[in-house]
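Chain lettering (A, B, C and D) follows the sequence in which the chains are written, and residue indices restart at 1 in each chain.
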C-alpha cells in the first residue's frame, strides 16, 4: 500500500542551540521512498550525516525564537510483515557480524538483568522465532498500555517491575528479553498506518532464521504498512529529536494516510 | 538559490536484467534536499544501499519490456562555490584518512603516468589551491570541448594526448594531474544550473587547505548552484546507471530550473 | 617507554559454546604494537572482525573441556598522557560526527539521570577540559575504591548513590557525568604500567578542545604508559570476553612490564 | 600448516618524506595470526588506520637518511584452498553489497575493454566457478611469465596484448576478465609458501557460489598455505609501500618458512 506520512514539529529556543533530528526515512527492503519533503522554517543551514547504524541525521542550530520542521514522505510499503513461525535460533557463531552488537545490553534494555524472566516466559517455546513471538504475546498480555506511568528515563527493568508503559517501553522490554536469550534485537521507530491514537511509533526486530523479523508487542496483531525511520539499540540511539540547550518542543503532529489508488 | 532538477530515463530490456542506479542526491554542506521524488514505472522492487563513498545506490531488476525512471529534487544550493587562492598543499601525513584513497590512480585517472605533464603545467604555481586552479585553466585552454571524440573507455592519458573531450574527460584529466602532484582529487557528478546544453554534468574536487574545493575545467568560470549526486574516484564509481544485461537506455532528459521566490 | 603486557585466561566449558574475545590492541596515535602473540590452546578456528568502534574481535567456539588464551604485546607507549587545562568545550555543531554517539546515555552511563549532580560538581569550572578534570577529581575524592561492593550490573547511577566501586565504576560515573554536560565521553579498557594490584584496567576519554583526552578517576595522578585494547560507550561494548553458554572463566593473569633498554 | 613469514625493507630518503605501508596481515577465515612483529629502525612515530577495504595501513615519515622496516608473522594457514567446481554464477541482484564494487573497472583492470576476449575464453564453461577456473587456466597457458617485460604501469589490456608479465599482471588480467563477465573479482597480495623464487606474491579472488574463492593464474596448481596481507580492486589499492617524495627502496627480502611441529 502506498502511504503518505509526515510530522510537523515546532520548537522554540530562548537562545541559539544545537539540535539533531532523525526524520528522513531511507529506502530499504520493505519500503521505497517515492516522494519526500523536508522543510525548515526559517531555512537554517543543516548538515546531514549517517550514524553508525546507517540512519540519516540532520544537525542544525535552532535560532533564537521558533523553528518549524515539516517532513512528509510517500512510501510504497508492504501490506504484511514477514512472519515465520519455526524460524530457528541462530547460534552466535553464525550470526552476521553486524547483528552482534544487538546482543549487548544498552541504556534501556538491561538484558543482563532479565534472564530469569525471559527463561520463564519462553519455557515452552521452540528456540528462535517462536520464543520471540511468545515474548511479544506475554508483553501484550501482561503489560498495561497507559500514558503517564513511564517517562524518558524508564528502562526495561522498570517496565518488567511496574508492568505498565507505552510502545517505547513495550519495545524495550521485548528487546531486553530477546537479548537475554542471545537473540539479537533492535529498536525501530517510525510510522504505522491506522495506529490509534496516531503518533510516532516504536517496535522491535529480532534476528532469527536468516534475517530481521518485525515484532510489535503493543499491537494485538502484527500489522504491515509500516515506515521505519531509524534503527538502533534502544531509544537512546533513535531519538527523532535530540536537543542540546534551551530548546522546547511546543507542538508535534503526526499523520499517516493511504494514498488513493489512481 | 533554490533549484528544482531532475532526470527522466527510459530503459528497455529484452529479458529481465539487473540495473544499479545512483540517482538520489544526499543533503550535504552546500546542498539541502527539501523535496525529492523518485518514481519507477512500473513500480518494481528496489533495494537501496550505501556504497563505500556514501552514495545512495538503488538496485533493481529491469523487467522485460520498458522501465521509466523519473527523479526530481528541489534543493537549496549555494550561489557561489568556495574559492580560496593560496590555500596550501596538505602534506600526506596531515591529510584526513578518508582523503588518502583519492591519491591513488584509478581506471580513468592514471596519475602514475602524468607526473611530467603536471609538473610542467604547475611550474610557476604555489603548491596547493593555486596548482589545482592552474591545472583547471590549462585544461580549459588546451583541451577542446567536443562530442563524439571520446567514449566511455576514454581515460585521462588519452585525453592528454588527443586534447579533446567532454566534461567527464576534463574532470578525469584534472583529477589525474592533481593526484600526480599528491593532491587528493575526486570525481563529482550532478546537476549544474544553466549548463549549456543541459545534461548531467561532471566536475572534480581537490583537497587543499582544510577541505574539498570544487573545480570545473569545462566551464569558463566557476559557477555555483550545483547539486552533487555522487562522489567517487572517477566515472567508474559514479555511473548514474550501471546495467548488467540486455538493457538499452532509450531516452534521457535532464532539467534544472530555478524555483521562483515566493 | 616500551612495555610488554599480556594476559592469560583459562576457560572451561561443559559443552561447546561461543565466545567473543577482544584482546588484540591496535596501533594508534600513542601506541605502536611492535610485537604481538595470540595463542589458543587447543588451536580452535577463530574468525576476527572489526566492530563498529574499530576494535578487533575474535569469535570462536570454546570446545567442551578447557581453552587457554594467552596474549602478549610489546608496545611503544607514551610516558605522559596529553594534558590540556583550558581546552575549551566543543559546541555540538562543531563536534566530529564520530564523537556524537558518545553523547548518548548507555547501559552503565545513564547520563540523562545525572545532570543535577554534574552541574553541582562543575559549578566553578571552566567549560571543557577543566570540567572533566574536576569530575575526575571529585570521583577520586568521593568514591571509595573497594572490591566486592559492585558487580557487572552496577551502573553510574548506583555508583553515584553508593559511592563505592572499582575502576570500571569510576570510569562509568566519569563518562555519565561528562555526557550530562554534553561532553562526549567513552570507555577504554587496557593495560596500565605499575597498576596496583595488577589487573586489566578501565579509564575514560573525553572530547574537548580538538581531540580525545585521557582521564583516570581511579588513580591519584594521571600516569602514562597505557595500552588501550578497546574503546566503546561503556563496559557493555568493551568486555574482553563475552560468553554465550556454559563457559566458566577459571583463571586470569595479567602482567605489564617495562622492556629493559638494550 | 603453521608458517612464519616476513619481509625486511630498507628505505633511504634524501629529505623527510611520507610513506604509507600495508604490512600487517589481519586474522581472517583461513588465517590466524599467532605472532607478529613489526619493527622500525629508527623507531619513528606511526599512525595506523584502516582503509575502506579493511586493510591496516601504517602512515609515517621516513626521516632523512635510512629507515629499516622489518615485519614477521607466524600464522596458522590452511593447507588447501577451497575449490568448488560447479559453484554457480551469482546474479547481480543476489550479490552482497560489499562485493558490488569489485564489478567495476579499475586502474589496472579495464574490464570494460576485455569483454570480447573473456567471452571467447569461457565459451564452453558453465557460468560461475568454472568460468573463472577456465580464465585462470587460459592465462597460465597463454601468458608468459617473465620479469622485465612489464612495469608498475602495465595494465590488463596491455598484458592481454603482449602476453607476458609477472604475478601481478596475471592477477590483473584474471580480475579484468572476470569482471567483464559480471563476476566480482579482487586482488590479493601476500605470502605463498614455497613460491619460487621467493617474493611477495599477488593472486586474485572471485565471488561465485556463496563466497570469495582463491585463484592463482601464475601457479600450475592451486596451492594453499597463503597469507593474505591486503585486498583491493587492483595493485593501486594494495601497494605494500606507497611513497610520496624522495624515498628509495634500497633492499627488500622476503621469507616464508614452515614452523616445525613441536
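Here, a contact is a pair of C-beta atoms (placed from the backbone, for glycine too) under 8 Å apart; a residue touches a chain by one contact, two chains touch by 3 or more.
Please read all numbers here as calculations on a predicted model, not as lab measurements.
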Graph separation of subunit A and subunit D (steps between touching chains): 2
Contact-richer chain pair (by C-beta pairs counted) among A-B and A-C: A-C
Chain whose average C-alpha position is farthest from subunit B's own: C
Interchain centroid distance [CA atoms averaged], subunit A/subunit B, Å: 36
Distance from subunit C to subunit A - Cα centre to Cα centre, in angstrom: 30
Junction residues of subunit B, two or more chains touched: none
Chain contact topology (line, ring, star, complete or other): ring
Contacting chain pairs - touch in the sense defined above: A-B, A-C, B-D, C-D
Of all residues in subunit B, those that touch subunit D in their complex: 18, 20, 49, 51-52, 57, 59-61, 91-93, 97, 100-101, 103-107, 110, 112-113, 152-153, 182, 236-237, 242, 244
Residue numbers on subunit A that touch subunit B, as the complex places them: 26-29, 32-39, 43, 45-48, 50, 54, 56, 58, 76
